[in-house]
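Labels A, B, C and D are assigned to the chains in the order they are written; within every chain, residues are numbered from 1.
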Amino acid sequence: MTDHINSSNSTPSPLTTNPFDDDKFHDECGVFGVFNTPEASTHSVLGLHSLQHRGQEAAGIVSFDKGQFFSYKSLGHVADNFNTQPVIESLPGNSAIGHVRYSTSGGAGLRNVQPLFADLASGGFAVAHNGNLTNALTLRRQLVDKGAIFQSTSDSEVVIHLIATSTYLNLQDKFIDAMRRIEGAFAFVALSEDCLIGARDPLGVRPLVLGLLNDESYIFASETCALDIIGAEYVRDVEPGEVVTITKKGLNSVKPFPEQSARPCIFEHVYFSRPDSLTGGTSVYKVRKNIGRELAKECKLNADLVVPVPDSGVPAAIGYAQEAGIPFELGIIRNHYVGRTFIEPSDTIRHLGVKLKHNANRGELDGKIVVLVDDSIVRGTTSVKIVDMVRQAGAKEVHMYIASPPTTDPCYYGVDTPDKDKLLASNMTIDEMATHIGADSLKFISIDGLYRAVGEKGRDKACPQYCDACFSGEYPTPLTDNNASDDDKQFSLLTDSRA
Amino acid sequence: MTDHINSSNSTPSPLTTNPFDDDKFHDECGVFGVFNTPEASTHSVLGLHSLQHRGQEAAGIVSFDKGQFFSYKSLGHVADNFNTQPVIESLPGNSAIGHVRYSTSGGAGLRNVQPLFADLASGGFAVAHNGNLTNALTLRRQLVDKGAIFQSTSDSEVVIHLIATSTYLNLQDKFIDAMRRIEGAFAFVALSEDCLIGARDPLGVRPLVLGLLNDESYIFASETCALDIIGAEYVRDVEPGEVVTITKKGLNSVKPFPEQSARPCIFEHVYFSRPDSLTGGTSVYKVRKNIGRELAKECKLNADLVVPVPDSGVPAAIGYAQEAGIPFELGIIRNHYVGRTFIEPSDTIRHLGVKLKHNANRGELDGKIVVLVDDSIVRGTTSVKIVDMVRQAGAKEVHMYIASPPTTDPCYYGVDTPDKDKLLASNMTIDEMATHIGADSLKFISIDGLYRAVGEKGRDKACPQYCDACFSGEYPTPLTDNNASDDDKQFSLLTDSRA
Amino acid sequence: MTDHINSSNSTPSPLTTNPFDDDKFHDECGVFGVFNTPEASTHSVLGLHSLQHRGQEAAGIVSFDKGQFFSYKSLGHVADNFNTQPVIESLPGNSAIGHVRYSTSGGAGLRNVQPLFADLASGGFAVAHNGNLTNALTLRRQLVDKGAIFQSTSDSEVVIHLIATSTYLNLQDKFIDAMRRIEGAFAFVALSEDCLIGARDPLGVRPLVLGLLNDESYIFASETCALDIIGAEYVRDVEPGEVVTITKKGLNSVKPFPEQSARPCIFEHVYFSRPDSLTGGTSVYKVRKNIGRELAKECKLNADLVVPVPDSGVPAAIGYAQEAGIPFELGIIRNHYVGRTFIEPSDTIRHLGVKLKHNANRGELDGKIVVLVDDSIVRGTTSVKIVDMVRQAGAKEVHMYIASPPTTDPCYYGVDTPDKDKLLASNMTIDEMATHIGADSLKFISIDGLYRAVGEKGRDKACPQYCDACFSGEYPTPLTDNNASDDDKQFSLLTDSRA
Amino acid sequence: MTDHINSSNSTPSPLTTNPFDDDKFHDECGVFGVFNTPEASTHSVLGLHSLQHRGQEAAGIVSFDKGQFFSYKSLGHVADNFNTQPVIESLPGNSAIGHVRYSTSGGAGLRNVQPLFADLASGGFAVAHNGNLTNALTLRRQLVDKGAIFQSTSDSEVVIHLIATSTYLNLQDKFIDAMRRIEGAFAFVALSEDCLIGARDPLGVRPLVLGLLNDESYIFASETCALDIIGAEYVRDVEPGEVVTITKKGLNSVKPFPEQSARPCIFEHVYFSRPDSLTGGTSVYKVRKNIGRELAKECKLNADLVVPVPDSGVPAAIGYAQEAGIPFELGIIRNHYVGRTFIEPSDTIRHLGVKLKHNANRGELDGKIVVLVDDSIVRGTTSVKIVDMVRQAGAKEVHMYIASPPTTDPCYYGVDTPDKDKLLASNMTIDEMATHIGADSLKFISIDGLYRAVGEKGRDKACPQYCDACFSGEYPTPLTDNNASDDDKQFSLLTDSRA
């Protein structure tokens, strides 16, 4: 069902744009769940706040108390919309799950905000999902043919219907039954009347960690930074293909899938995760510095200074500077007050080279050979402007060094990426790219260098240790829906007028 | 699913109240549908505006254009929320249906706002419903057991699921299949890709009329005033038990139910319908004046003036005054600017007898014997204050005459009524009521008098010509859900925190 | 000063219009003040609510407590914006004044909302004004030349500056000094640290009454209905040219102006005042009925029924019907849910004769000779549509009878009127007007008839008992500003962008 | 005048707080002005956006076009409230001035938002002010005694009234007359019909620079970063005591004050200015790195790593690390999504050490000797938490090094500082402070070291080259108002209820 929501976060006018729009891949979601603690919703708010970088469009929490579930959802940031006592009081109980969401199409409305909830025959059930199902449309069509009515255009709703129509008897079995029918990458946190479930796809593409608060309350979260904020202890990662169920009796773990080699997303190390999180037990900040160090080993240059493209390029730039023995300087200053959109400048103004988000630190750059370090290049739109800005500020040479291999292929696993034909690296050689962005040279870390930075000896070509499809085009799961006809790709016949 | 909607119509603080709260039965909905006209959504906006008295909480429209459905819903009044070009443009196409809604529980949120929509295997389908299903919970439980997931707590959603899971092949048959399984009172307007359907329950409890615009566009509406506003012609009432389907080929009518005597709601004449509407082809204003005339015949009094309780008592008061030959005067003046709620007055202020909505016209009342005419007494809360106000203004005697029989029983057919124990007439004799409200005398029209006013010779006790359950306690359908246990009466385990 | 206010009452889009726009004169303000009562702001809210018909655009209250003044202002209706505990609590103290405002230009913003406040050398001072100064621009220019800085474009601010720069020593004398310099029509309620002042212009054009609550708290209000709502007793009218000062010691009255014959506004009887108010001690409802009776004596007709144009025509129609012995019927039904604006109908829709606000009660009109009774005709825009609607509903003859003389001249005394060239009666003979509005006949009460209805023997041509400039063009004060050049008529060089 | 503004930026509930509240001095304003360019308001929006760090509470712009001034003001950030075409279009013309504002008391409402505007006898006049007048109350009292009426509680309004009542003939002379009567620190940008004025106090405490766009449009701005964003060239600083007037004929400069040694604010270098701005022609980033270097020379330590307290400590930390030869690491990660307030955590939660804004990067800190570098310590509230967080993350030793001398005294020159008794350094020795914040050691740069970092040989005690009153208690101007009685310090008798 696709109703029109009168949201208080008004859509900006179509006249607006962000001339420095964010040329990045974007993780689409973060999830959180907590069981058996008196302030479950407050913990969820804090946890989601620390996962805000994984999804800024909307957030939602469902809690459970005395036989009832309670839901609150809002467009916008957690700190702006879940920061009042009435909101917290509307979410009573000792267990809760939450979700932050990045919208691919920019405003798909409140009906797609998770956690999703359903009154099943076995009781209430809420679920929050990070990832993407690659056979969601195919399953949806089958379910509709049997009379299922969908209320969102979210792929996650398929899971709810698979559970609702499963013929297994108990809820955990219904859930596993549903997980066996879906394909793709997923990390789920789910809440029923008496249990909290955390589950991860067989390849472990999307992350999910297990934490413990005060030795008595288990927590699931996309990243460890959500444990830190509430003072919880990091226990371990939920393993690929593992379904962990928390009840009053404690923790129960099953692995209902055939054994497979894990393929966690390597881009979590490059950009998605917060630098203070641990992924697979390793500090993301350290890995990023390692990438910078590997890059310095692969691409030496007699430069005057190393300048990060703020903020995501900073750790790799520090690593590069330390390895290369070149001074690290903030040659580009970021304006912290940029909104998501701004007036579309008239041609006159645009011509002036509007610098809404960054400004060159002219005093450091003038007359210098500069190594710019960025985490990745997607469409290249920002790189063109950054290189030009640094050059206008007087830099003698501008070299762009990238802390990931060329991103040649889109992601189908819960990451917002442009189509392949919009990816610069899929259309140009590296030399052409250098010319395009105006850099004196352009270097990318090698894929083996990236694997070394994460602690491997190099990429195992026969059986890669990570999902690196965005660099390699090797997708570790079938892409069932992708082969459907364009017509069939329509999720709903109802167009949400404000979407 | 019961998410929390960030609506722009903020809920008033719990500190507020309306000391003159509206002591009336309330019709819960109005419906409208139009087919084959270039400005379908504008016509729907106008039609719903004219039906606003049937539901003030929320409104919604679904239109169809070029293979797609479009939906816009809003809390609040039609004239305040559907009055901009962007809203109209978000609802393109030549066919549309709409709904206005009165919320029984005061703010059940946007998710219950109709029309409901579903992507069925056979295509998109939207439905708007006026009435109430008396076996909705029972059916819902059966559907959930089979895996259906409900998105609202509205009884109307049951119909969508019955259609979705019907094994009949074409849509009209699925619709009829669903109608055969539901009990209660209902008038439906539904829209699919190629047809507009209007249907009325076998007893015809809730009204539905058929209109024609420019000899080419059929219209369904709850009342004829919705035809007047767009200049459409009144064709006829949809008949009890009739399913009328409009396609490009024209009108098709079937009557899929066993023949039964009709039992339209007699209270539509007393209060619900607008005085300028026709019900069953008769002017509501004329019927209300007739009630006043019958009342004057039954209850003569040598009074100085007849004063209506504004605004609903006016036509009956005019009829009474004309029949009795007593002057009709506006002895009570209504403030047109009253909002729905107001500050809760402190005891000091309350003591002063706050008159937010009405004021006595002292100059007319002082020293007079006054007949007050009102349409009905529900809890009696307003009557107490009105009688006191008139007396404080100097009236020598205050007689309260009511243009309906005592309302002793609640309605289960889509009308918002208090429980039986809150109905004054179900707890007191008429003399006790007179004492309670402080009137010198209290008279109700007899039930036969009411039947005479609508053109009958009197009530046919064996087979009453109308549904008059609120006066007689004789319900014309089974009340299946009513016999369920209280626990089973919960529609959803998810509590909407703002509801 | 003309800043742009980010008001929550968003301006409707320029695409909207109200096809049945209100063809009336509009009183521009209502004032209220109370002294020495513990719930001064609650009383003010209630008082202003009952005066809402005198100004719907905005409202404001200033209270005084323990050496401090407190202010709350809002666009929109009192019942919608002053109905919460936090608002009431933000206005503490035992004395308060308030104001409701009708904006002539439709949204002049919060900075013009009264009461105005100033920190004078002698202490804080707040004032609320109903009326219009006809030499405000002239005085403003003189004050600015001496260094005064104006913050609003309101004529009322002139009074504050006159007081601030007066060389008299005590506040009451400064106030009287200021009043002696202004021309026009005015009723002031003002509040200082230790007194409440009510004052009325020497001619008494605008009304102001004195009330008493619980024998201890004096009240000023524009109309008696504001006394009724809080249970206060009507003491007397403030007299023309009287300045009444309330302190803890009681009431003090002075008349600082040369004696003149009073000229209260006669249109208060015709339309502005609420029918339940007393003006000059007489019931407005009775006067309006008298007008109807006089009209019936002057303009007899063998009609079938008398139909009021709702709601303002009702009392005169009742009077007409009673005098003429013709049945009074609600031949036109008003939709109570009309907002202030609505979608601009496309030509197609407009053609259908959109009836957003009224609908003909066809059953009563068909085949009948109808006398329509309205209070006045200004531009005639509504009359054209009403007559056509009644005729379309089948009326055999439609006669329009007006309960005031032709309005040939604009008002400069605090009433929103169109320019003279927009007034139908100033451009056409009555016969031409009848043709223009499509009526079979058009009748206006004579000016002597109107004077008889208010209790005079007729109009005293040498010295009229009322201000009737809108009917006669005889303005009782000089129109100083009106003779200024157009260029000089600009109040401020700052254009409020949303105004 | 102190009316209540219905702002769309709703005040957060009193239940909320920011546990990591920002323990900094805050510059209170930024100003911008542009003359003779077709997109004056767009340039002003961009300029104010780049000055947002100087004031986040509110922003305003006044433009001039064809004899009229236009104003738009809003609470909140520039990028969120001036980013639509309608706002830009509401500010037409070729000249404009703007202002961003930091509110000391947190929400003083729209009436204090600048630019201020007045209709003077000589025409319209708008002014924007950065700084604070130390004799504003004294002047205000004198002006009120003569009949002036103030509309704000802003000290800046005094200037408008001094201009309005000046007996000089032309506007520039009136302006200079006013400047000669005020005391304190100020940078003004003012706009009349035919000129743009930039003026700086005789000591040059607050900054103001002159820029040139396209060789034809002069610009005034608080910092050079506002020139960079629109591609304008930096011409020079407006000199202390200089009044620069731009007309169509070009630039005119006068210095109407007695010659004095300049005393620009040294804290602009430490914290207020953006690192990419030039102050006095020197790069702020370089100065901050110099401070870090001087600090390293003064306070050597054999540490494992240098960690900045983000973001303001970063440049000094880089300088320190480079000088000391110790690795620079991001040991504290900042959450970029922190709103201004958050739920007040219950005791349970607070106990957990909520980290809404920062998180320790445990992997870098564990077992290390850490030098934390911050720009200043005000109350010490944040320092306590930061040190604890770093220690909890496993640091062996935590040393806090501060890039400014101890802040012992409040600022009266347009900077928001706590009272002296709230300043940690005014109540404790440095050793006591170290114990209080829990650091193993605490070091501040010496005041001479700070002067060396800005290029001096040291502080000239006889005649300091900068205003360093916050470190020295030596105020370069009289503090006239400060000596007034507390009672006299009340700016207005009207309390703004929402402030």
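Convention: contacts are C-beta pairs under 8 Å (C-beta built on N, C-alpha and C of every residue); 3 or more make two chains touch, one makes a residue touch a chain.
Computed from a predicted structure; not experimentally measured.
Count of steps on the shortest touching-chain route from chain A to chain C?
Minimum step count, chain A to chain C: 2.
What's the distance between the Cα centroids of chain C and chain D, rounded to whole Å?
About 49 Å, centre to centre.
In whole angstrom, how far does the Cα centroid of chain A sit from the Cα centroid of chain D?
Each chain's C-alpha centroid was found; their separation is 36 Å.
Any chance you could list the residues of chain B touching two or more other chains?
none
Which two-chain combinations qualify as touching?
A-B, A-D, B-C, C-D
What part of chain D is in contact with chain C in the complex they form?
It comes out as residues 1-9, 60, 62, 67-75, 81, 90-91, 110-111, 113, 116-121, 123-124, 144-151, 160-161, 164-166, 492-498.
Report the residues of chain B in contact with chain C in the complex, numbered from low to high.
Answer in residue numbers: 12-13, 15-16, 38-39, 42-43, 45-46, 49-50, 52-53, 56, 77-80, 82-86, 88, 225, 228-231, 274-276, 278, 283, 285-286, 311, 314-315, 318, 322, 327-330, 333, 335-339, 341-346, 348-349, 352-356, 359-364.
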